[in-house]
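The same chain A turns up in both complexes below, where it pairs with chain B and then with chain C.
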Partner chain A sequence: MSDDLLDKDLLRISNLNVQFRTSEGVFKAVRDVSISIRSGETLGIVGESGSGKSVTALSIMNLIPNPPGEIKGDIFFNGQNLREMSLEEVRKVRGNEISMIFQEPMTSLNPIHTCGKQIMEPLLLHKGFTKHEAKARTIELLKMVGIPLPEQRFKEYPHQLSGGMRQRIMIAMALACRPKLLLADEPTTALDVTIQAQILELMKNLRNEIDSAIIMITHDLGIITEMCHSVAVMYAGQVVESSPLKELIREPLHPYTEGLLRSIPTITKEKQRLYTIDGTVPSPFNMPPGCSFQPRCKYSNAICSEQTPDLIHVSEERAVRCWRHAENIGIGNRSVLHG
Partner chain B sequence: MDDSVLVQVQNLKMYFQTEGSFSFSKKYIKAVDDVSFNLFKGETFGLVGESGCGKSTLGRTVLGLYKPNAGKVIFEGENIFSLKNKRMKEMRKKMQLIFQDPSASLNPRKTIADILNEPFHIHQVGTKTERKAKIKDLMDRVGLSEYHLSRYPHEMSGGQKQRVGIARALALNPKLIICDEPVSALDVSIQAQVINLLEDLQKEYDLTYLFISHNLSVVHHICNRVGVMYLGKLVETGNHEDIYRNTLHPYAKALISAIPHTDPDNPKDRILLKGDVPSPANPPSGCRFHTRCPERTDLCSQAEPQLKEVFPGHFAACHLC
Partner chain C sequence: MGLLKYTARRLVFLAFLVIGVSLVVFVISHSVPSDPVLANLSQRNIDNQEMVDSFKAKWGLDKPMYTQYFIYVGNLVKGDMGTSIRTQRPVMDDLKKYFPATIELAIFSIIIAVFFGMLFGIISAIKRNSAIDQIIRGISVVGVSVPSFWLGLMFLLLFYVNLGIAPGPGRISPYLAPPVAVTNLYVIDALLAGDWSLAVDALQHLLLPGLVLGSFTMGLITRTTRSSLLEVMSLDFIRTARAKGLTEKMIIMRHALGNALIPVVTVIGIGFGNLLGGMVLVETIFAWPGIGQYAYKAAGNLDFPAIIGVSILISINYVVINLIVDLLYGILDPRVRYN
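Presenting the complex of A and B:
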């Protein structure tokens, strides 16, 4: 990759591998993931539970405990390799330039501290605000995320708030230091649709306001369509397809993406039998040989169960991990492979 | 009574007491407040609304799992709340429940065979061999193999566990199945499998479903009729086409506009509701939605609108309709 391309990417992950040693064996949660994102962009990561989405995000934040976790690969943020930094240096970046909205607002807030105190913490730590300044900024943040009576909420504890409010507290906390990169791990899963709409709108406004990049992790393709510029589809720890949003929706390349798009009911589709992807996600301790999706794939071929396909670029912006497309552009010619 | 009606719910009220032990100091959460609707034979009636609006409580009260403060549930001509225990037990065979969380609704210390045997054991149905044959048949019907019978719930995936839950609900040949968020804990690819299974079973066994969900796309797909709930009240009911294409109530409009769309070329206008759902312990006066309603008038905070038939078969509770 050339130098000016490197400069444009705010975050570039290359060949990330994360595995956990457990009593049942080695669990490869993330395999060979490479993604990059620029400022002002939103990247969506979709996948089913256990596909490695959250582990990827936690690796960026350096929150994978070691042991049992082992991380390999490089994570460049603003040109610096986060993997080579000391814990002290990582701490300066984490919560300041990169922050994360965690999945469950119910369990990610500290129950024994007031909401205000929790939002103030990164400001006092990273920005060197005085308590007085931090409080003023916190109340401003609470207003920004649409919490009524911010002065009163500042003093309240998480259990006194509803789920939607707690999620907004999480968002306020994540945004406190105006991060350049925001990782949102299923930020609206626990919320109702009307609240979800509010939160998504809020995140869009913030992206436009402070020109930060957002990585949106979700299993809801509707949210992806709404929010993202580009999408990475993950299956069994690998990125199986990455593409700009519109092309992905219009013409999915990987059979898994195609199945996912066709199997969600929508209110615009005519009522008909839902398309299904047969079978279930393979156990991480018992991965099928070759392509991980091959046992469930309707196009599967002899080669699919023999060799793992690489993530190949079919165009400048699109990449897919599938033998069908490898053949189309002449890589991995079957006769060569078999010969 | 009309022959096509399986269940009539009339003015059902289910309040939970929260504090106070004297009559003057008692406080209630009005989880279900004066709800009436009919379930027709062979249909799927969808119940949608945000968390805490009383959907699940309504479903459970219809099954007779709660004793309501007022109102009737008339199942095949009999009010289930006036039945004696023995008769009620008979009645329970005809109505079953599928739970939201398949992991939490299966006993972890029992094998799948034991779990599926339980309905037969409780109701003293069939001999040992008959039960065995029936259980095998059920497993087959929901797409599980005999091999799973000796497994424990923790050895199965979420989709498989939900299939066990469905098999258990089917065991006694019920007429009505209340599906309480049956697919919301499942992954997208598994969700489609379970929805298709539910549809197949409905055709095969002529079942009536009360389908409770907060996922409006799923409800649109599976339901014939839909009821929208807000703070313990039904605010709109009608055919699914009426509800989704010709929405009347402002809350239902906001709810439907909030569904994330999957077409990147046609972003739609969204009605953003302000604020959170008010507490059901202290609902707003007049129309319960008036605090968040974009179209409210002065009348809304004073008088409570009644559910009225705006178009044939399409009811809404709003002063503006």
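Presenting the complex of A and C:
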């Protein structure tokens, strides 16, 4: 990739490694993750539980508790390396230019403060609003996220609202300062299906309205197809495939992506047992040698259990971490391209 | 409205409690294998059957136990707690006389215990596992486990006898006259009278017994504050607060402490109740003319009306303190308020 291209990236993570030192040993949650996103784009990070999606997002905000967490690698946001900033400087970015929506709307709001007070907080902190201005903007935000009777809700406490309403409060809070980047960590997982659809619709509309980049973290490929321009598939702490959405759906390159796509239930096909990927995710303390997916992979051969494949660019926009494609494009294991 | 109704209901419950406590204490104190005649009459009078009979007749001890109890409760309903066998004065008057000294000491102790307990607890949680944390935890364990009579004697020996920096037992120095009685709390009465030196003298006399009495509660509050704050700091909404860009200080003051205080208030309530109950030893050691010493002497003489009177007074205190704690929950935690 040329420097020119790099400069257009709003966020560029390169070689991110996150590990946790625990009593059982060192747990590598994220291994060599490199992703980038431009303004206005939505990037989906998909993977099952424990694949390192949330840890990646939390690392961007520097919200990994240390100890036991250790972050290595570079995270460029707007051309500045967040990893080299002081905590004080990172705090000015948090909640202001980058904000985050969490998975648990029931527990992510402080039970003893009113919703209004919690939404106002980043405005008072980052934008220097007076209380009066912040309140007006908060009411505006509550309207924007589709909360009825915003003046009344402003004064209410989180426990008085339903899960869907609380997630809307979280979204309003995250959008308060008009962030350039929004990290949505499974924003709909804890919600009913009907509420999920409403929240996704809301996020889509808001994306168009505020022109932020969104990183959508989910284990649900349905949400990815609904929301995203491009996708990074994570497995056992690594990005195993990254691709624009359409190409990924049309022709998944990594066997894991293929398995994920095949295991989506459809109503058009005849009733049959749902496809599952055999085996389970390897223990982070006991990674198999070579490719992490190899024990579950139906295409696996000798090299897969010997050497770890690098992320290989098969085209300008697509990359995959799989020996099959290294061989297909004639790279072999000697000189692979780095992502 | 709900609040008033709630308080009223609790106060009605208090009336039943007083009857219940009187019954329990009556039965227990009359079951003690000791004879009030022996405890109150001299050897010569005990040998004189006429004297013994007249003593029994005077105090109703010749009647069956249930009759004695019904007479007592009948009088209690009218607000008459009987006459103390030992002091020969109405128990109500005795309680009025001795209770303010106890309350003054209890309030002083609880202020010390709450202030230092919370301060130490917060420092300990913030500086978790540091040297200062270890020291504070050591102090709190000592505070909780050292018996107050030992600590009281050691304090007197060290600060009064050896170092001479603390005043001796009593509420004020023996050469001073007590202030004009308004509240019967000497510090406040002295201040009301504008007598600064007397107020300071009374405060100095409060210091040692206050510290001894408060040490247990302070240890308990320190430990509860520490663990509660640490627990709250690991909750999801604290991560939300960090993601907003708040500083650690703001997070602790605005988001963590309010939530962490809820269990601490319970402990303060229990601690305050214990203070009143645990006065007996401390008041005896420090010659503090309060309800504890009164109870101690009453028990020694099997002075039934006084024993029951003190028990009722302390149980009423427990209930009132619990009521205050419950009302405080409502202030601290909106979830309780609305339920």
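Just so we're on the same page, the second predicted complex is superposed on the first by the 331 of 339 C-alpha atoms of A that agree within 3 Å, B and C clash if a C-alpha of one lies under 4 Å from a C-alpha of the other, contacts with A are read in each partner's own complex, and residues count from 1 in each chain.
Quick note on the criterion: a residue touches a chain if its C-beta (ideal position, glycine included) is under 8 Å from a C-beta of that chain, and two chains touch if they have at least 3 such contacts.
Remember, it's a predicted structure, so these values are computed and weren't measured experimentally.
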Can A:128 be said to touch chain B (first), chain C (second), both, or neither? neither
_Quick one: is A:264 in contact with chain B, with chain C, with both, or with neither? Answer first, second, both or neither._
first
Notebook entry, point to check: Which of the two partners, first being chain B and second being chain C, lies in contact with A:245: first, second, both, or neither?
Noted result: first
Counting residues of chain A touched by each of chain B and chain C, the higher count belongs to B
According to the stated criteria, A:159 is in contact with first (chain B), second (chain C), both, or neither; which is it? second
Quick check for you: in the superposed arrangement, does A:94 touch first (chain B), second (chain C), both or neither?
second
Could you say whether A:273 touches chain B, chain C, both of them, or neither, answering first, second, both or neither? first
Would you check which partner chain A:112 touches, where first means chain B only, second means chain C only, and both and neither mean what they say? second
Please work out whether A:61 is in contact with chain B alone, chain C alone, both, or neither, and reply first, second, both or neither. second
Interface with chain C, chain A side, in the complex: residues 61, 63, 91-96, 99-100, 102, 104, 107-113, 121-122, 125-126, 157, 159-160, 170, 173
Residue positions on chain C within touch of chain A in the complex are 235-237, 239-247, 254-255, 258-259, 332-335, 338
Counting only contacts in the complex, chain B reaches chain A at residues 50-51, 157, 159-160, 187-193, 195-196, 199, 214, 216-218, 220-222, 244, 254-265, 267, 270, 272-277
The answer for chain A against chain B in the complex is residues 48-49, 146, 148, 162-165, 192-198, 200-201, 219-223, 225-226, 245-246, 249, 259-261, 263-269, 271, 273-278, 280-281
